[in-house]
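The structure is given below, and queries will be raised subsequently.
Letters are used for the chains, namely A, B, C and D, taken in the order the chains are written, and counting of residues starts over at 1 for each.
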Amino acid sequence: MHGMEFDVAHMLAGLLVLVSFMMLYQDRLYALLNVLALHAGILALSVAWQAFIQDAPHLYITAAIALGIKAILIPWALRRMVFRMGLHREIETVVGIGLTMLVGMALVALSVEVMLPVTAHADPVTREDLALALSVVLIGMLMMVTRRNAVSQVVGFLSMENGIILAAAGAHGMPLVVEISIAFSILVALIVIGVFLFRIRERFDTVDIGALEPFGGGRE
Amino acid sequence: MITDPISALLAVPLLAAVLLAVLPGYRLSAALNIIASLASLVLALLLLFYRPVANQYVVVDDLNVVFILLNSFVGFTTSVFSAGYIGHELRHARLSLRHLRFYHALFQLMQFGMALALLANNIGLMWVALEFATLTTVVLVGLYRTSEALEAAWKYFILGSVGIALALFGTILVYLAARPVVGEGMDGMVWTVLIAHARDFDPSLLNIAFVFLLLGYGTKVGLVPMHAWLPDAHAEGPTPVSAVLSGLLLNVALYALLRFKILLAANPLAVVPGPLMIGVGLLSLIFAAFMLYRRRDIKRLFAYSSIEHMGIIVFAFGIAGPLGNFAGLLQMTMHSLTKSAIFFSVGHVAQVKGTQRFVGVGGLTVTHPILGWMLVAAVAAIAGLPPFGIFTSEFLIATSSFARAPVLAALLVLGLLVAFGALLLRLNDLAFGEVKGATERMRFSCVPAFVHLSLVLVAGFWLPAPLVGWFHNVAALLG
Amino acid sequence: MTGMAVIGALLVQLVQMVLVLAAAPLFTGLVRKAKARLQRRRGPSLVQPYRDLRRLMGKDVVLADNASWLFRVAPYVIFAATWVAASLVPTFAAGLLFSSTGDLIAIAALLGTARFAQALAALDIGTAFGGIGSSREMMIASLAEPAMIMIVFSVALIVGSTQLSTIAEQMIVLPVGLRVSLALALVALVIVAIAENARIPVDNPATHLELTMVHEAMVLEYSGRHLAMIELATWLKLVVYVSVIVCIFFPFGLVHDGAGPFAYAGGVVAWAAKLAGIGVLLAIFETAIAKMRVFRVPNFLGASLMLGLLGVLLLFVSRGM
Amino acid sequence: MIEQVLLAILACVGLSMFGAAAGRTAAGRLIVYGGTVVVSAVVLRTGVLAIAAPVATLTLPIGLPGIGGAFRLDALAAFFLVLIGLGGAGAGLFAMGDARHEQAPQRVLPFYPVFLASMILVVIADDAYVFLFAWELMSLASWALVMTHHQHHGTIEAGYIYLLMAVFSGLVLMLALGLLAGVDGGFSFAAMRVAHPAPWAAGLVFVLALIGAGSKAGLVPVHVWLPLAHPAAPSHVSALMSGVMTKIALYGFIRIVFDLLGVPPWWAALIVLLLGGVSAVLGVLHALLERDLKRLLAYSTVDNIGIIFVGVGLAMAFRADAYLEGAALALTAALFHALNHTAFKSLLFFGAGAVLSGSGERDIEHLGGLIHRMPRTAVAVLVGCMAIAALPPLNGFASEWLIFQAMLLRPELPQWGLKLMIPVDAALLALAAALAAACFVRAFGMTFLGRPRSTAAEQAREPSVFSVAAMMLFAALCFLAGVMPGALIDFAAPAVQAMTGGRLPPQLAASWVTVVPVAASRSSYSGILMAVFIGVSTWLSALAIHRFASHALRRAPFWDCGFPDAGPMIQYSATSFAQPIRRIFGSVMFRARESVDIPQPGDMRAASIVRELHDPIWDGIYAPLARVVSAAADRLNPLQFLTVRRYLVFVFVALVALLLALTLWQ
């Protein structure tokens, strides 16, 4: 394992975490979508880099998917959706941005702490990569639970899943990565379509139960 | 390739799905659906006697053959039930023929997904298959296109997707734990290889992996606090789908969880999964028990009872030991049989009464004696009363756990009692008291439910020796 | 024992049964006489009760229209049960032939049978008074019986037996130090006896003011020979209780079986004397105090129950067992 | 012999299937009930033969998977088989006649034989699984029977509380047996007998067994289901439930505490004695204030169960001090009273059933004068009432007398707690006996004596010959058991010896007329002489009267205090009969209040008296529990209405928490 390759991989992964944080403090939908694109782009880069250093060509496909679908297609679709459905443009948060950031920090600390005892003979790359990937996943989830409107939750899910792909790509010689990334892209596509079709606007989450009356919860 | 029963078992539902997607006409497709399910049942029976060698992708061992058999059996009875059920839905124009093709195709696809998940010898493949099965059920849940159904499907979909993600992360971690030992490439995901080398895996990675897998697959199992999708999905989907969800999909997810539990159990240094499972199990049991009280929708009630039972089962596997595991397996089997029987009966009730709310149903034993008493028997069975099989497993769980951990067993019993209080309360509303709702005659057979119940009844008295031996092997496997 | 002895014992037993039966009216007559004297009246003659009996026997029975067979059978059952109870109590001779038939508990229960029959008979006609009477009678009994059992307990714990003959024999040779609990038991038993025999202050045998009476209310519908049986049974019951008290607490002069005829005669005399003494005491007591309201009776009987319990507990202290 | 019993069980299953098929026809009814009579007779015979015979065991490949089901017929089981046989035969015979009044036979016939079978199965079970299986099956079947008249007011509530408590008892026993079975699951009773649990475990098992079996037997404070469920069922089922099922619960308790557990500590005996005494008094007080005939009987069952458990508690106390003769005497008394209770309580329930189907009325305030309309029933019920009121020479007295004799052995005990507890229990028992007398004077008087208080009572009809036969049979039984107690004491001896290790001196051998539990100088009782004496002296007195007194007899209206043609409503009513008792005991125990409203002269409204009673047990224990559960349900229910995001929050929190826990663990 060559030091430089290691550093680059490491740097890219760290970058991904950084961008996740950037997502957390966005308060405009469009800006958020831009950051999402950036997030996916960096993911594509790091996957490609992994493909290079493990000389595992199939990973290039994953990278391409990441770039093509996640960095371009989906942000574009979401943007159109926001435009079409006239969602209001700022993101309603449950807890304040600052607090969210702090929690995010804590999550990163946690994931490092969790991965620390992983013994050395699972090589360091994996360990560091995993720590970062885990923090990306956790932050993505944090995003999902602290944002009120559908689009930003989809974004949260996407970033979460980026973290997973990162981990998968980082795992040397892991089979089925491509299939998995494809499966995931389909999944995300379905979600986006779902948001679009079902016209699930802010109703995705409302504060008062009353608005849910005709819905599943309200049935009871 | 059809000579090989495994690939046949996978091919049959796929072909059937394709056919059903194109074939018009309700009778034909229903019949085909039944035939296909019957075929897979036969093939599953074949697996009992002829067990092919494992390859990188599929395996048949003691653990999954039970589930495959159970799956194909319940799948078959459900297809029989759904023929009558769907006919009624058509007559009352709740479904169009187009929906129907869709429905039948998806039904078979779901069977395919579950069969693949069970047969998979590859944790990645298992994951993919399980997700596939989940997605098909998502669509089936939303079949009626009512706003409630869509809401339910959406909830299911979102929570399911998060679960998918977590489970995948766990799977990756397992691979990473395995890689240093078994080397890179496909082997790192092949179950048989993994279990062979499990003792040398990096324990800390396995621990983290299990946390993610527990939450990820636990979402599918419907464990509290990841359970939210389950009641809605059961209540809003077509009844055959509810039956399959409770009877099969939960089991398959639990099966996936068990695979990894075995993996951890095989590693001396890894954290014992027991406490985690016991905790989650008790939480699910007690939470569901209290949630049963305020239900107004019949199917939702029994959905919560499924959560309750999943809690009991996970508790049993957490207690482990030969008795605990045995009881857990028995409870899984009995629960899928009984719960699907309940959903069959409930489906009939909803159809004769025209509603699945409690307010509209009453005095069934007066108006529909057979249906009513069948429901009474089924609820008695699900509540763990003799002479039905669940009594056996709950007896084993309670007794074996009380000797080991009195406090936990006391909590378990408390949960069981609270849950029983709610079930009985509702049962009285349904089966006794003054007659409520329409008294339309039944135009369908109770045979599937009846078959299930008689199996459960027999199990209460006597289990065939091979089955017992089999359960014992698996229990030993589960450590 | 030999056949001769058996016949002898049987003879004694029969004699005492007859004796008790014969003495019962006289005892009541005595009490009435004494009371009258204490109230400065001449009062009826001692044998008046016998005359009453003859008169009642002579009269015809006036039976309510809706009286059932139970109403007509009851008097005989009441009498029989009381008489059997009487035959089990050693009056002048201990170790009677039949004494193995029942112990103190059985005697109390036999009187209970009589009471049961009487209470039912009172309800048979369906009048208000019968109801009042039997309801109150059962209420009193329900409090008197536990007290009785407590007395049996303290006695039985001292002498280790519930068999009256044995008790009597043991009581004569009693270690000092148990007197306290015995005294308590005695008081309790007296209270029970007063309540069970419908004496003042619990009930007034002489009254006919319906609302205050218990026993008389129950027999209100009876007449003629039936009334005769019931009256006789009532008097008999009084003698039974007195004999029990005497036999437990003052067993002096009690003859043992197999003694000579003169000894028996002595026993009879002693018993008669004790009876007379208690009769006078009873008369004085009844003249001295007034009847109490029905709902103060529970406290009265409760007191006796408490005394009984206290006696039992004191036994631990005094005997440390 | 045990095979016979198993065959009997199978026969019952067959009967129930037949009943499900041909339930509506009269012939089907007769066949099913007749069949149960035959089965019960067989079981009775087996029990009688087996009690002195050596223990028979049998293991079948059914039951717990891989382990199989063990069955055992020993002396104790045989004794209770006799109980079941008696009760079952009587109930079946009565039902052959009475069931023709049943509106919904198809709801009774399928379950009745199963109920009988399950009780038999409990008794011969020899491993924890079969035992609990039968135990809960018994509950389930009897629940179905309780729900027969589900459209009557209150039945559903009764059934609900009943099955809930029954399942509770089953689960508690499950824990007890699980603890006895130990970690590696020695579920067979044989294994439990040899395994000696640690003291704390023994104590725990005892407490669980007391709660579990007690709540099936109807021991205060877990008795609340009994007065609701027993009356709701059809009369012959009530008879079976009160007369036999409660005894099966007693069997469970004896089997676990005396046979499986070894010797429990003395404080266990103290608890049993306390609960027994309290049950006796509370039960009979409730009965005394009750208007509904069948509920009255149910409450009196609580009373008698209390008496029986006092006997069992005494046996435990003596056993804890290794005073085996004492234990034998006490347990004999308990078993004897259990048998007697089966006899007279079944008889009384038959009587209540006959009254109910003959007049359609079970509220004693609306009955009266039935002795004229239903003479045979009246005679039988009178015997039952005298027996349950513990009057010599009937059986009730004999067994209570034995219990008192056992109590008088107390000085042998070293523990002060017991020394002080037992006299108090004696007082409580005496109180209960006296109150029972009052209670049944009231019950019989209001039902059969006086004048009819309603047209229903005026038109009452005598039940069919089967029912009368059943009642007469049990009346005879009460008498025989009363006059020949020695025979029954000797009969129960093997069971007692098996449980306590001690045995009483054989009674019949010594002198066949008298019962001498300990020593002749100490105490003795002869039911037969008692009966003979009473008979003879009654006869003598009657003879004398007819010899010397006038035979003249005039019929006339009763003394009406000068109010002409007073209607039946001026009779003393049941409520007024109970008033003194209510005032003395009720005001403290049930917070009884009465408010009388007498209108002014000239005011047309009817005078009224309103009385209210509170059940301290219900208000104190069950109502709060119900409130807690429902409050919890209400608190949790909103979790149903949350939104997807909030559910995701749960998942997220769970994930973070688990990861955190993991790091802390490492």
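In this section, a contact is a pair of C-beta atoms (placed from the backbone, for glycine too) under 8 Å apart; a residue touches a chain by one contact, two chains touch by 3 or more.
This is a predicted model, so every value here is computed, not measured.
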(message) Which chain is most central here if centres come from C-alpha coordinates alone?
(response) D
(message) So using the touch definition from the top, which pair is joined by more C-beta contacts, B-D or A-B?
(response) B-D
(request) For chain B and chain D, let me know how many angstrom lie between their CA-based centres, rounded off. (result) 44
(message) Can you compute the centre-to-centre distance for chain A and chain B, using the mean CA position of each chain? Integer Å is fine.
(response) 31
(message) Quick check: how many Å separate the C-alpha centres of chain A and chain C?
(response) 99
(message) So the centre of each chain is just the mean of its C-alpha atoms; given that, what is the distance between chain B and chain C in Å?
(response) 78
(request) For chain B, write out the residues touching at least two other chains, lowest number first. (result) 154-155, 158, 162, 204, 208, 294
(request) Pull out every residue in chain A that's touching 2 or more other chains. (result) 114, 117, 141, 144, 217, 220
(message) Dump the list of chain pairs that touch, please.
(response) A-B, A-D, B-D, C-D
(request) Using the touch definition up top, name the residues of chain A that touch chain B in the complex. (result) 114-115, 117-119, 121-123, 126, 130, 134, 137, 141, 144, 157, 160-161, 163-164, 167-168, 171-176, 179-180, 183, 187, 190-191, 194, 198, 200, 214-217, 219-220
(message) Touching residues of chain B toward chain D in the complex: what are they?
(response) 154-155, 158-159, 162-163, 166, 204, 207-208, 211-212, 214-215, 219, 225-226, 228-229, 231, 271, 276, 287, 290-291, 293-294, 321, 323, 326, 330, 363, 365-366, 369, 376, 380, 383, 385-387, 391-392, 395-396, 398-404, 406, 409-410, 413, 416-418, 420-422, 424-425, 428, 432-434, 460-463, 467-469, 471-472
(message) Help me check something: in the complex, which residues belonging to chain D touch chain B?
(response) 61-66, 106-107, 128-129, 132-134, 136-137, 139-140, 144, 147, 150-151, 156, 159-160, 163-164, 167-168, 171-172, 174-175, 177-179, 181-183, 185, 187, 204, 629-630, 632-634, 636-637, 639-640, 642, 644, 647-648, 650-651, 653-655, 658-659, 662, 665-666
(request) Over in the complex, which chain D residues touch chain A? Could you list them? (result) 637-638, 640-646, 648-649, 651-652, 655-656, 659-660, 662-663, 666
(request) Could you pull out which chain D residues touch chain C in their complex? (result) 368-369, 371-372, 382, 386, 389-392, 397, 401, 404-405, 407-408, 410-411, 419-420, 423-424, 426-431, 433-435, 437-438, 441-442, 444-446, 449-451, 514, 520-526, 529-530, 533-535, 537-538, 541-542, 545, 548-550, 552-561, 568, 570-573, 576-581, 583-584
